[in-house]
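When the chains are written out, they are named A, B, C and D in that same order, and each has its own residue count from 1.
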Amino acid sequence: MGTYSSLKQTAFEANMQINELGLVLFTFGNVSAADQDKGVFAIKPSGVPYNDLAPEKMVIVDFDANVVEGDLRPSSDTKTHAVLYKHWPEVGGIAHTHSSYATAWAQSLKDIPILGTTHADHLAVDVPCAPPMANEMIEGNYEHQTGFQILNLFKERNLSYKEVEMILVGNHAPFTWGESAEKAVYNSAVLEQIAEMAYLSLQINPNVSRMKNTLIQKHYDRKHGKDAYYGQKSLKPK
Amino acid sequence: MGTYSSLKQTAFEANMQINELGLVLFTFGNVSAADQDKGVFAIKPSGVPYNDLAPEKMVIVDFDANVVEGDLRPSSDTKTHAVLYKHWPEVGGIAHTHSSYATAWAQSLKDIPILGTTHADHLAVDVPCAPPMANEMIEGNYEHQTGFQILNLFKERNLSYKEVEMILVGNHAPFTWGESAEKAVYNSAVLEQIAEMAYLSLQINPNVSRMKNTLIQKHYDRKHGKDAYYGQKSLKPK
Amino acid sequence: MGTYSSLKQTAFEANMQINELGLVLFTFGNVSAADQDKGVFAIKPSGVPYNDLAPEKMVIVDFDANVVEGDLRPSSDTKTHAVLYKHWPEVGGIAHTHSSYATAWAQSLKDIPILGTTHADHLAVDVPCAPPMANEMIEGNYEHQTGFQILNLFKERNLSYKEVEMILVGNHAPFTWGESAEKAVYNSAVLEQIAEMAYLSLQINPNVSRMKNTLIQKHYDRKHGKDAYYGQKSLKPK
Amino acid sequence: MGTYSSLKQTAFEANMQINELGLVLFTFGNVSAADQDKGVFAIKPSGVPYNDLAPEKMVIVDFDANVVEGDLRPSSDTKTHAVLYKHWPEVGGIAHTHSSYATAWAQSLKDIPILGTTHADHLAVDVPCAPPMANEMIEGNYEHQTGFQILNLFKERNLSYKEVEMILVGNHAPFTWGESAEKAVYNSAVLEQIAEMAYLSLQINPNVSRMKNTLIQKHYDRKHGKDAYYGQKSLKPK
């Protein structure tokens, strides 16, 4: 498997995990694992069923989306991954799924409001939903522009990709990321859970309001603040 | 198993698959696999539990719904399959399930609006819902007429069965098809996913509108257009 | 196991089946199997987890709810079963679950409207929901009266227990029955499916109306009419 | 494992059970088992995945939340458990999950209304939802105050912790308890079921009212009253 065997193994395992977590139907999802020093990432080949995946089938791509190693076509969403890695130097993994509840929110073109501590344990703001792109961007270099659609929303809202590791792309589906591919997958599962709970909450009580800031901050900080006390020191979610 | 052993094997495997994919309860579904050159198809026997199925129990039927080979009665929906094969010469497989979300849309007598790329990756229009039949058709050759109910809606709306491989039959349930029985089953699972996501989206935001045409076309074309780039050349979904 | 070993075996297997079908949480359900000639039935012991069940733990009870054989207390719903067996001589099995969707309809005090063929394949009317009992019946011989609450609703609405094999008991949960315990369990699973689909349909389209009578009759008759053609002659659902 | 090996084993098994019952995603939940005589409890270590748990990793804590034995940090919710054990001397186990439906009700800041016998079999009142805490309590000793938030609501509403073994903490998630850790876990599963059914019922019929008191009392008493006749004498749920 050559130079990138460890990166391919990481990407392979992370792809298998989104399948095991029930976050994808057939091939509707992909995960990549990056080596930021080398400027490359390993990503799922396009349209290959999870049962047929193997570490050596992962495709190595650089941050301009050129294939560096691999016989198969990389995921059709590869350019989106490349843009994010290029601009966000501390991202080590990206996951994309069409999980039911998160995708429904994306289709609804709505941010997921922060209603509880399950949400606040992971991010201190609503899960952002990027609006659909302008027609000329869709008709141009679409997947490349999807990356910028994400970057731009983060700029506009003044969000940090290190504090908010997930986004809904309007009319499409979620992308999540993190320090590692494993963390990106973890975030995909968390997002699906948050999306389901927010859905149910608003069905029960359409007038419920966002939780209060003190409680948001308390929960976010006990996991991520400088005096975080959730988890074990060595096991702490990164 | 005689002349049709390969066709029976294909039909058997496809029937087992709708069961494994969680698309049927008990015997509420059936799949057939056709040999268009020979003018026959293999279909599930009526009312036989999936646990008791075997390739040799599949029934061979011609396109006028006459049994050609087999000891068991074919599925009660056989005439519907026959009509579709007879009029749509490039269909190689048909699947019928009562999967929960797709059936709920059929019972609601509503098309499934196209709200996201999961949908647009597979078809560029709303999933059509055929209205209930006129009484004289129901009381006549019902399952035969169900086939025409489907054909007529496709004519009225000027849809191509090669581009739209699924329909909801009002007050009943979905039918899907494709080049092969395997593709028909794949489409049944995709439809259930689309149906669930559209359901959830409209619960979250009842005023959401259909996604814009440029985005629909982009996603449909990247999988099905002449310059499609989704999947591997050899693995591309047919 | 003595005289009733076969009846106990049947009841045991049917109880295990409602568990495997995902229709019960913990001990929230019970199935009985009757021998109408002998005037007895075998029923699950009260409060015993499914993992601890065994054929010899089933309790034999007569149609006046007296224990005939067995060391354990029979299900707390035993008197309801007894009343139904006593008055409906062709019932061979009764199942009671608290499955989610059927129970939600019971809690909503609403009949499940007949909206599609999945429903009409099994019964030609709305699934009836019995109203809560009068206080003096609740405070009296409650489970005995539950049986009469069911019988009375069938009389009032002029329903046949051989054509309608399920009911919702308001504020409580469903009861289903049939020629055999196996058929009763089958009906519990069908009811849960019907209940889920009707729920989803009304969420999608709150104004949807009942399906038309010709279509109801067509589907009911193709499975249950004198010229039924669904299923195999030997396999036909009884 | 020293003095507390049996207590750790009990806590370990109960923690594994909430995972097997599908009540937790990743590490979003924890169970403890108390020895009220010794004034200590065993609780899950913070942030450790269920796959990595073992009896010897449980942490022993006293009722003032001081670690008595164990190398790992106890659950971040430990102080809440400690407060409840200290004030409720007959509680032997406490479970905390973020199960979907129960958490959605907590996020909605609504009590779960008592709509059916599944609910009344376990408690005779609505499942209480504690309002969010005042800011100074959140910013102070948060998890300690969460315990008092629970105690205070029980006092205000004049509820007995022996009759009502569950609560929703507003904007957070449920806590349940019982004579033993096993019973606490059982109550978490029951609560999720009640929460789902109430959700569905109110979607079907938004105007449904609470069930009547005679029926509530009947069901509660047949399981918990002095003449309870549900279950076996030796197996009766404690």
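Convention: a residue touches a chain if its C-beta (ideal position, glycine included) is under 8 Å from a C-beta of that chain, and two chains touch if they have at least 3 such contacts.
Note that this is a predicted model, so its numbers are computed, not measured.
S.K.: Taking touch as defined above, what minimum step count separates chain A and chain D?
M.R.: Contact-graph shortest path, chain A to chain D, evaluates to 1.
S.K.: Just send me the rotation angle from a CA overlay of chain C on chain D, rounded to the nearest 5 degrees.
M.R.: Between chain C and chain D the superposing rotation measures out at 90 degrees.
S.K.: Given that chain B and chain C are copies of one sequence and touch, is their interface built from the same residue numbers on both sides (over half shared) or different ones?
M.R.: Counting shared over all numbers used gives less than one half: different.
S.K.: From the centre of chain B, which other chain's Cα mean sits the farthest off?
M.R.: Centre of mass proxy via C-alpha means gives D as farthest from chain B.
S.K.: How many Å are there between the centre of chain B and the centre of chain C, using C-alpha atoms for each centre?
M.R.: The separation of the two C-alpha centroids amounts to 33 Å.
S.K.: Roughly how far is chain B from chain D, going centre to centre by Cα mean, in whole Å?
M.R.: Roughly 46 Å separates the two chain centres.
S.K.: For chain A, what residues touch not just one other chain but two or more?
M.R.: If we look for residues of chain A contacting two or more partner chains, we find 203.
S.K.: So in the complex, which bits of chain B are touching chain C?
M.R.: Residues in contact with chain C: 25-28, 45-48, 72-73, 76, 98, 100-101, 103-110, 132-133, 135, 138-139, 142, 171-173, 199, 202-203.
S.K.: Please give the residue numbers of chain B that touch chain A in the complex, ascending.
M.R.: 115-118, 121, 186, 189-190, 193, 196-198, 200-201, 203-205, 208, 211-212, 214-215, 218, 222, 229-233, 235-237
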